[in-house]
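Some structures are shown below for you to check.
The two complexes that follow have chain A in common; it is paired with chain B in the first and with chain C in the second.
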Partner chain A sequence: MEFIRNYPLFTIVLSLFSGVLCYMLKPAAAKIYTLVFEGLLIGMVGCVLFYVIVTGQPFTYVMGEFPAPWGNEIRAGILEAMIALLFLIVEICSISAGHRFLVIDMDESKRNLYFTLVNLMTAALMALVWTNDLFTGYVFLEILTLTSCGVLIVREIGRTTLAAVRYMILNLLGSGLFLLGVVLLYDLTGHLLMVPMRQTIAELARDPQVLPVLGVAVGILTIGLSIKSGLFPFHFWMPDTYGWASPTSAALLSSLVSKAYIFLLFKTYYRAIGIDVIEQLPIRNVLLVLGIGGIVVGSLQAIHTNNLNHMVAYSSAAQIGYIYMGIGLGTMAGYTAAMFHIMAHAITKSQLFVTTPRLAEVSGGTLKFQDLQGAGLKSKVAGLYFTLGAFSMIGIPIFAGFSSKLLFALAAVGQGSHKKIILVMLALAVSSMLNALYFVMTLIRIFTPEGKLEKDDLRHHHINYHLPMVLLTAANLMLGLKSDLVVSLIERGLSMFG
Partner chain B sequence: MITHLWINNEEAVAIILFGIGFTMLLFQKNLLKKLIGMNIMDTGVFLFLASMGYIEGRKAPIITDGVMEAAAYINPVPAGLVLTGIVVSVSVTAIMLSLSVRLYKRYHTLNIDEMYERSRHAAEDR
Partner chain C sequence: MKNRKKLFDKLYNVVAVICCLLLIGVLLYTVARLPHYGEENPRTVEVVERYVERGVEETGAVNIVAGMILDYRAFDTLGESHVLFTALICVLILLGKDEKNMRKEFDSYYTVEYENYHKLAGDSILRLVGYLLLPCLFLFGIYILLNGQLSPGGGFSGGAIMGAALIIFAAGFGFETVDKVFTEKLLKTVTFIALTFYSFAKGYVFFTGANGLENHVPKGIPGMILSGGLILPLDIAVGFVVACTMFGFYSLFRRGSIGHDHTFMDQQ
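Let's turn to the complex of A and B:
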């Protein structure tokens, strides 16, 4: 049992090692190796989750045996283990289901490099989830940025490269601001480890002269991470980036990478700054307003666009808005809802991004709405999986999207301020309506018959495609039907977090 | 206010550099100028860290003359952070330069707006 305490570090180090190994393997071997390796990681993280649930205590792994104010630490609690498990499951599903399109998008001789990038990305994701040190967070944040740029440019058409450059520029602005924020906090407190930093900040915050300085540092850090995760008004890179990327890359970027940044922000708030200090700072309300802005503007732009992938990407912007709205509410229920929505959205969005290319494929290789007529009938399998994902996005009961909207509404009612209740309820109502509008429009479009139907070529859908899709749908339904179980786990995780 | 700025002149310059780099990265149209801006921005942060980490009259934390108390030495961590930051900055610059080369070969310009304009007319990009 005690040996499990090493697993979080193993997930990081072994992923880095696998990255190097995949460089030397043949493409087919690299794919099989990566899938098996991800399975192993899922087993390990599952063990960690089981261990922290059974012991009821988070544990800290001290690297190099230097005690707390010095050295570097990894920490594992219920919440970290849950998020890590979710990331790995979504990753393995996206890789398996999107591989067929990767073969089309990438040259055979370079395909093993894609798995090198994916493994390095896994290492960065795991490090961001487990780390207990802000500067380690910064370093792996940059590694995540570089690898996500890498998985983006594997499709060698001009639009993708342009999208990647734009994505990188925005991300570099975000990284620069995050670094400045971390450096300012280090300057104020003298610590980089999260727990000593929080203790020092709790003392500093009593001084009314220091509080504005603290507010500036936290604000800079928050703006940096919100640019990187695509919060309104920094979401305009999303449609090009997700729309032109290879499906697996789009799924990984939208479901995992942006969520990892949000999780790091959340972790910084909770563990490095302290939630009671955050409550005194104005940044919470800014996040609430920008989150609601993202929900409304993202949904409107999704209606306005003419391209299926762009629509799904704009809907991502709206969903990121939901998560920030939950953080902006600033109550326990709000944070729980935000965490729940991270999971619900990661599962749903990856499913949508690996079904849309198949719909495009059967309609002559285009994602324009007018050409997609009847695509869901030409490929019934992709149509079915797209419908299931769309139902979750709209918020039909029994799917995950419904539970998270319910949680946001409950969180809004639970906190005292009337203004915020009205604001959040309005945003939820408007966005649910808009979501329903554009997804139902798309569903009607793809299920309206056109011309003579050819038989769905089932050879395209073998087990590598069905299994991950069924798994994602099952996870979606589990989050929808058993939401109370997940919520209670998140609440336990949050209480361990502080 | 002015005296405070004068006392902390290195930090003030660092933040100004950060601002210059940030606006360049955001608003310049030319890709190479954007990259130069990014490097200025990072340099600003490094200057901030380095000037914060240095305390006048103290020495590098290497014991040569038997002085053991901590007050005689500076904290080595900020210097370590600067080094790490430089490594990150160099690798990001490298990947961005290689992307710029790829884009220049395709669109024969470094102006990012012009690239978008040309990409719309390119047939292969749908």
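Let's turn to the complex of A and C:
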């Protein structure tokens, strides 16, 4: 067995160890260690991605001496490796670019704890991406929940504590429902590993007596994960959570954590329950409708709000809606578009969330629109990066956002039902218009000169900020310009995902 | 405006009750259709059968539950043991004293509270019960910890009992007494060593298992105290982490720091 096959295990175990290690380190050392370690992980996951592309086969890795269905298992294919690589790149960029604000937000004596949480979060993200076992999914989902509440409360101001409490209550509700779903599935099938579970469910689904029970189990599990990822109508926690968090935390939560939940849900559908069984249940259509609801309502609320971060957060609700819409279409093209949009949105949103605090900083520390006038001119660098992110969100060609919207449209046309084509096309048209409306409005606002311009203090923008921003922009452009390459990789990944 | 809010509140309550009733109905309907308890269902017993029939032989642990969670499905438990650590870090961030959450205007308030706590610690009933109870509690905790592979118990439950004993100790004899032994540095070191050992020991077993190598962990004779392979050392590691974390929670909730707090005492 090639040594590369061990790398997924290493990413999880070493991240857990790094979390414990950062508890012992001084804050400065913890930061450097975390960045170097993330670099190492990117190298490892890159190797895994390259390996599975070359061999063209996914591989399973038995955790211990007991094979499935008795012991735990992880599994790596092209899609998993791509998502893991994306998560790590976005994470390292957010940490590096947001660190200046973390220094302001968090007391020196506790700052190493932040990196402890970040490393534990990495472990949980990696485990959720690689796992081939539903209960392992639940355990690391718990770690992800706790760490995401932890990175929220670091600012220690009333609003973040309140937001964290609300976020935690909803997340625990979501975890509980997910666990209930897993328990029901276990009771029906007697398996927790995904592949044996799917084989049993395929037999069970023929029995009309069992199908409704299966439907309830899958439904509860879906509600749990959609609360956690913020699907409409469960998106109301987003503005407070993302809006008041420390920039790195906001970027991590919106770009990675909610995506990890969606990825786990998708994996559960695809690998543990089976697409043909999902097709017999009404869940796909519900997801489609709720996704479209999220797109429209999220965009409308983004227009109504008076706070830049809240606007970006509501736009997240709309983007989550896109992803669920893709899953709800229930075709290969739909899933491909959804996976592509996970990547496009993760890259873009993290970029937006680490630029907005700088815009607020130059306009007197407020995120209210009327005070942001000219912020993009006062800090040209932040203005430029914000503009690039906004272009991608609107869906201007050559950026990632355009490609994913195109993919959604193609996926809608590619499937049979006329109603769905009309629904999706309308949603895409309306949301593109609304997106353009609120982002262009913001751009005009921040680039309208006001008062005397001071020279942009470049001291705030050294390489630690520029490099991640350039990297994220480059990734964004790559997804936009080379989307055919990424799409073909996702398609290959999906074909070996089951 | 006020009327509309009232109406909304009423409507909200009604909808919430309806949603709950619906959920209850759906769940009851589902439970009624699940396979009956104890029913022999050939489809669902494949995994359980092996755990029960070959568990002792394959893991070396008489307590099949310990064998399951620490050997067959050890990866889940590896995550589970870090959940507690994550919670400790979150509580430290939230309640640990620092420049930001210790504003000057609260100082007097904190001082009064702090002194009151220490007066409470001199309670004679608590002290007497502590003298009698503490040795038994620690022994019982250690007993449960060490017997995880033989009988119900193990790291989590044994550690929780030892943590509770530490809490009674602090409550009865005051934090100054505990601080002589139990400092933040000790908690850090113990947690670090225990969790690192856990991660690497299990990582090693996963690695050798997946690569088809011999892992050289002796299984021991089932029924003896030294049996079950790695289960005993892992239980001890988890037990220490749980005990330290529980006392850490108590200490953080009561005075905002683990162990002796220099910055605070200097102000007195």
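In this text, the second predicted complex is superposed on the first by the 497 of 498 C-alpha atoms of A that agree within 3 Å, B and C clash if a C-alpha of one lies under 4 Å from a C-alpha of the other, contacts with A are read in each partner's own complex, and residues count from 1 in each chain.
The criterion applied here is as follows: a residue touches a chain if its C-beta (ideal position, glycine included) is under 8 Å from a C-beta of that chain, and two chains touch if they have at least 3 such contacts.
Remember, it's a predicted structure, so these values are computed and weren't measured experimentally.
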Exercise. Taking the superposition as given, does A:154 touch the first partner, chain B, the second, chain C, both, or neither?
Worked result: second
For this session: Once the structures are superposed on A, label A:116 by its partner contacts, choosing first (chain B), second (chain C), both or neither.
Result: second
Exercise. So, does A:17 touch the first partner chain B, the second partner chain C, both, or neither?
Worked result: second
Exercise. Now for A:463: first (chain B), second (chain C), both, or neither, which partner does it touch?
Worked result: neither
Exercise. By residue count, is chain A touched more by chain B or by chain C?
Worked result: C
Exercise. A:173 contacts which: chain B (first), chain C (second), both, neither?
Worked result: first
For this session: Have a look at where A:162 lands relative to chain B and chain C in the superposition and call it first, second, both or neither.
Result: first
Problem set entry | Shared chain A contacts, counted only where both chain B and chain C touch the same residue | 135, 139, 142, 146, 149-150, 153, 161, 187, 192
Problem set entry | chain A-facing residues of chain B, complex | 18, 21-22, 25-26, 31, 34, 38, 41-42, 45, 48-49, 52, 77-78, 81, 84-85, 88, 91-92, 95-96, 99-100, 102-103, 106-107, 112, 115-116, 119, 122, 124-126
Problem set entry | Residue numbers on chain A that touch chain C, as the complex places them | 1, 5-6, 9-10, 13, 16-17, 19-21, 23-24, 61-66, 69-72, 74, 106-110, 113-114, 116-117, 120, 123-124, 127, 133, 135-136, 139-140, 142-143, 146-147, 149-150, 153-154, 156, 161, 184, 187-192, 196, 200, 203-204, 209-210, 212-213, 216-217
For this session: Sort out for me which residues of chain C touch chain A in the complex.
Result: 26-27, 29-30, 33-35, 41, 43-48, 50-51, 58, 71-76, 78-80, 82-83, 85-87, 89-90, 92-94, 96, 98-101, 188, 191-192, 195-196, 199-200, 202-203, 205-212, 215
For this session: Using the touch rule from the top, collect the residues of chain A that touch chain B in their complex.
Result: 135, 138-139, 142, 145-146, 149-150, 153, 157-159, 161-162, 164-166, 168-169, 172-173, 175-177, 179-180, 183, 186-187, 192, 366
